[in-house]
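Take a look at the following structure, please.
Going in written order, the chains are labelled A, B, C, D, E and F, and every chain counts its residues from 1.
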Amino acid sequence: MLMALSTWCDVEAYLERSRSIILPIGSMEQHGPTGLIGTDAICPTVIAEAAASDDPDILVGPTFSVGCAQHHLGFPGSMTLRPSTMIAAIVDWSASLRRHGFERIYWINGHGGNIATIAAAFSEVYAERSFAGADSSIPALTMKQRNWWDLPGVMNTCRHLHPKHEGSHATASEVAVTYAAHPEQVRNIELTPKVAPSGGFTDADDYRRRFADGRIGSDPTQATVAAGEEIIKVAAKALREDFLAFANRAG
Amino acid sequence: MLMALSTWCDVEAYLERSRSIILPIGSMEQHGPTGLIGTDAICPTVIAEAAASDDPDILVGPTFSVGCAQHHLGFPGSMTLRPSTMIAAIVDWSASLRRHGFERIYWINGHGGNIATIAAAFSEVYAERSFAGADSSIPALTMKQRNWWDLPGVMNTCRHLHPKHEGSHATASEVAVTYAAHPEQVRNIELTPKVAPSGGFTDADDYRRRFADGRIGSDPTQATVAAGEEIIKVAAKALREDFLAFANRAG
Amino acid sequence: MLMALSTWCDVEAYLERSRSIILPIGSMEQHGPTGLIGTDAICPTVIAEAAASDDPDILVGPTFSVGCAQHHLGFPGSMTLRPSTMIAAIVDWSASLRRHGFERIYWINGHGGNIATIAAAFSEVYAERSFAGADSSIPALTMKQRNWWDLPGVMNTCRHLHPKHEGSHATASEVAVTYAAHPEQVRNIELTPKVAPSGGFTDADDYRRRFADGRIGSDPTQATVAAGEEIIKVAAKALREDFLAFANRAG
Amino acid sequence: MLMALSTWCDVEAYLERSRSIILPIGSMEQHGPTGLIGTDAICPTVIAEAAASDDPDILVGPTFSVGCAQHHLGFPGSMTLRPSTMIAAIVDWSASLRRHGFERIYWINGHGGNIATIAAAFSEVYAERSFAGADSSIPALTMKQRNWWDLPGVMNTCRHLHPKHEGSHATASEVAVTYAAHPEQVRNIELTPKVAPSGGFTDADDYRRRFADGRIGSDPTQATVAAGEEIIKVAAKALREDFLAFANRAG
Amino acid sequence: MLMALSTWCDVEAYLERSRSIILPIGSMEQHGPTGLIGTDAICPTVIAEAAASDDPDILVGPTFSVGCAQHHLGFPGSMTLRPSTMIAAIVDWSASLRRHGFERIYWINGHGGNIATIAAAFSEVYAERSFAGADSSIPALTMKQRNWWDLPGVMNTCRHLHPKHEGSHATASEVAVTYAAHPEQVRNIELTPKVAPSGGFTDADDYRRRFADGRIGSDPTQATVAAGEEIIKVAAKALREDFLAFANRAG
Amino acid sequence: MLMALSTWCDVEAYLERSRSIILPIGSMEQHGPTGLIGTDAICPTVIAEAAASDDPDILVGPTFSVGCAQHHLGFPGSMTLRPSTMIAAIVDWSASLRRHGFERIYWINGHGGNIATIAAAFSEVYAERSFAGADSSIPALTMKQRNWWDLPGVMNTCRHLHPKHEGSHATASEVAVTYAAHPEQVRNIELTPKVAPSGGFTDADDYRRRFADGRIGSDPTQATVAAGEEIIKVAAKALREDFLAFANRAG
């Protein structure tokens, strides 16, 4: 069940069944010469929609599509929020849902660069109630983030599909997922070097200097539509189970 | 050309042709018992994608999907940013694009409640350079917002399709556009009263008290897939022309 | 009744009679070679004071004198708040009055460039209560903004007095109002061109490049003290009626 | 010379003569049963206008009228900014004037409760350039605040006029200044106790509990129009001299 | 009793005895060629720890070590918070302690440049409750700041020890206190000029230009370990008495 | 070399040798009935000071002592910054050091709850330069965080010393480090249960409900002064090597 495609009456009815919701969260940033700028938003969205498909007990909210990607700004098309802006936005999204009676929010994340700021935003949300004390009138909220590639079984599938050169940015697996979602966007070009270099980075200029075409450690030319479909299937099943367990947990 | 489905190399090549971009901006909020929560994000996105389809000179960026909708929070599923958060986010989106050499940003808007805050955000962006003075190193940026229903010819089409009871929230026309985009979501139910009341409002409780099912002044049961397709066609053509004129303007 | 010239006991007594207040809001910005920098603050202040004069049921608070005028910073003497600062200040002014039991605030505005940010600030104020939910302990507040030139009858009067070349910035009518308020400041000089050019603008440098002496579309040399007095009379009467209707409205 | 009553051309010409400006800064807050809510804004404004009268080398900008008065919110009509908002606003006012080439800003203050936040705002302004380093492109700005009662000779005059029970809030001297400025507002009522209690305070409730009618340590029934005129004369002369010395100082 | 060296059970027990706490607040900034960068944090910390030593009725919290020192940034090692950041941090520290039932916070300050921002932060804290009104659920908090050199008897001691050239920055007395605390850091070097110049300043470049080695008006070569021990003894005794009087005050 | 105990001349000389600095960062929060509230600030400070002792090529700045600990606010004495405040403070600390020519900052962290917000703050710092573009005048800065227990060899030492029930909050190892630093604070009491429960948490009330005495998964009664000394020795050596490698890295 997708919230954007529901009426408020649908959501009201859902809240009778469940107080939990999934929010995909991604980024708009370069993913090398063969990967799409929307990759990190597309992956968790596609997986969440597959998990929720035809299931009245799983509600997927809108995708938080622009995240923390300052280090990619050396490559055209990359966009970022400052972490302080992202925290403010996550606070507002969470407060909106809390107002309706949602008690548990499951953020399915598609971008490593978001992890820290999402966690900081959770603390910002929790702090309001922690400062107010035990008898506060602010309803409690439980939030969880999970990277789609950390869902049970997904990494094994990815390693099986791409035993070598998965890398850490513009990976064959994430590119495959986007190709499965948008087969018309498959890019069949050679990359040089075949496997991108690895390492750390600081700001956008530093990143561009180190990683000439944007990839880190990966060979995404391995990506295929079929591999992407396989990953989506495994990840969607795992997300469904993980979310329902989260939703059913007491307190 | 959609930025989310492009590589950074595609965007780099686009910037050789054009320094302008379209950004759809909407809201996640109730649209009455027959309208979708995502209506205001879906409409400008669908229209922008239709305008950009197969045109290498029109680039559509990601949709800013949660906007200013505090007055709808009395209805489940509605989400909002505080205006101050929305300004911060628009500043960051704009600064990201400016970094890549974009000089003109065209925001195609789907939500009346966003208009003021978008305009305020433009002033926030411009103020940085205005404070710095004429010899600032900050590149100039030109921003424009346009509601999709204000595009040339669109209102006439809407009035022709729904000569009565268009209303101002959860209108037949916007609901029709979403039905055209998502025909499986058509809701065939009766509404009582057939035409919703009209008037002003302040906060969410005030709104809910005045507008029992969320609509203002409208009878969206008139909405059809065919009407939506007609509106999209007219709006997309108008947007394409308006954007290209904007993009080609000097300075 | 002017709040700045009242004691707290006077205001306490007023609150027994009324829960509504008028706040003039303007700008400090260039108004061409014959217009005063304070024009946009002077106009609503003079009109509000005329409306409230000798009327114990109309309370006028302090004038919010520096508004959103980043686009005028190319001309000496212009001052601006960033929209985010202005929102914070309006939130604080509103919260102060709410604390005393004011339930309705009528902002009489003198500057087109303020409209969007005032509206955004209203949403910021309302959002606090909308997030908190229906059983919040935050008192409800109703806010309204009205440009003085949009008061019933005023535009007709202006058009009658200056049938041509009213323009949109440094208009004959607003200059006339300031001349009526400060007759010693009448400037009798020629302007070239007689009628200023029209058009849009972005930041301060762009504005100055387009509008060489600051005016937009206007010929303010038409302004006279007599015309200003006429406009003030009409506007004050309309404001009095509009405010009292607003004040007497339930809920 | 008053900036609100000048054109931008007047200010441009002034900047050829001087790079310094006076800004009155006050508060809207209760001043006991005989004092006006606008007292702290009226006093520095009246004194600054008297100092600048007929002098083309003294420019007085708009009055910053609502300041830091959270402790007075227990009395109707009092208004406040949070200090963080006030800092943001002072930063914006200062940056606006700096853009025009002003190099020295003299804040003439009317409210003890503002002193700390004004000083903090100065540091906020200076910090921008201090972080940037010596070769920054940000122009240097010198700011000074002075309470009108601390101008040379003023306190002596006040003590001479009101040798006893001047107190520290709603003093006879400040009330006298406002009576001189607005003789129609003189309030001839008895106060009980004749002399208000003294002491410290924290928030608004604490303040109201300690100071039943709002005064601290004062007997403002001594205030007369004649005393006010005398104080204004002395203070205006001192301000003129102090400002011109400030304006003429190198660097 | 030092909070950093206590368990939560110790603090819980303390709260049975007292609702008051001391927080040292300082700065990290240059103190001339013979003074330590940590001087302003070390002094109030050492004095507070001496005051609290072996006394179960005096609790000393952590030292707020980096304060408002933008004007010192021209000298290596100096650090600063913007005042707006410092206000936010003081608000959070205060809210944390308020949550536990602390009702009175005594800030013992070591840096003149902090005074204004600390006072502004107090207003920021109080404003929250002042806006909310008398029946707010926010507990009342009483905060006080005191410079260690303003404690009863301290200035007399300093003047007795250093009758001449105490100055106002990098004073012999504060340097002596740090030497007493860290005898291994005594610097026996000549300074030229022996007594530093005096005067005002704005930003860091202005400061460095005026005060070549960082001192203002002082000759800190007078500082000795013995003098520092004497000052600490007198100040600790005075702080103990002042704090206990503060802690025992009603309301 | 400790910056708080250095003069600005010392730091100036250090900058000739090195452009890198260590900053300890911790928290003030409960650590169970036997652990000190300052544990997470004490550990990295003690280790950094041991690493820097007598080494002119290692400079240790002030300890950032209050961090992100909203979840501990249910236990008296715990203090927190909101993540947004902490980001602002880290931005200011970093900008201060950058002003002096520091190019690399090594944050040695003592609190798991800080990790996310420190990383978010790094992105906030980097974003400024990433937005500005490659030819920005903002100097580049490289920042790294490292938990002291993640330094090479430390975890092995801890496991060897406490093979069982190390847990994740109020661990035997961190308590041992504080006991080594403050032997007079050793608490010899029994804890029930001997080993605390494990699990996740959200806000302060949730945390206190789950972890009755504050510990998570640990038995800190194993902690001894001798174990703490061993850990400090191993960690200080590892930090020294890790920092010097960081400091010597190009770019």
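The rule is simple: a contact is a pair of C-beta atoms (placed from the backbone, for glycine too) under 8 Å apart; a residue touches a chain by one contact, two chains touch by 3 or more.
Chain labels with UniProt names: A, B, C, D, E, F = Creatininase family protein.
Note that this is a predicted model, so its numbers are computed, not measured.
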| item | value |
| --- | --- |
| Co-neighbours of chain C (Creatininase family protein) and chain B (Creatininase family protein) - touch as defined | A, D |
| Chain labels contacting chain C (Creatininase family protein) and also chain F (Creatininase family protein) | A, B, D, E |
| Intercentroid distance (Cα basis), chain D (Creatininase family protein) paired with chain A (Creatininase family protein), Å | 53 |
| Centroid spacing, where centroids are CA-atom means, of chain E (Creatininase family protein) and chain F (Creatininase family protein) in whole angstrom | 24 |
| Touching two or more other chains - residue numbers and ranges from chain A (Creatininase family protein) | 73, 80, 82, 84, 88, 96, 99, 130-131, 137, 204 |
| Touch-based graph of the chains, sorted into line, ring, star, complete or other | other |
| Inter-chain touch pairs (all) | A-B, A-C, A-E, A-F, B-C, B-D, B-F, C-D, C-E, D-E, D-F, E-F |
| Chain F (Creatininase family protein) partner contacts - residues on chain D (Creatininase family protein) that touch it in the complex | 130-133, 137 |
| Touching residues on chain A (Creatininase family protein), where the partner in the complex is chain F (Creatininase family protein) | 68, 70-71, 73-74, 80, 82-84, 87-88, 113, 115-124, 126-127, 129-131, 134, 140-143, 202-206, 208-209, 251 |
| Interface residues, chain F (Creatininase family protein) side, partner chain E (Creatininase family protein) - complex | 3-12, 14-15, 28, 30-38, 41-42, 61-63, 65-66, 73, 75-82, 84-85, 88-89, 91-93, 96-97, 99-101, 182, 185, 187, 204, 214 |
| Contact footprint of chain B (Creatininase family protein) on chain D (Creatininase family protein) as seen in their complex | 95-96, 99, 137 |
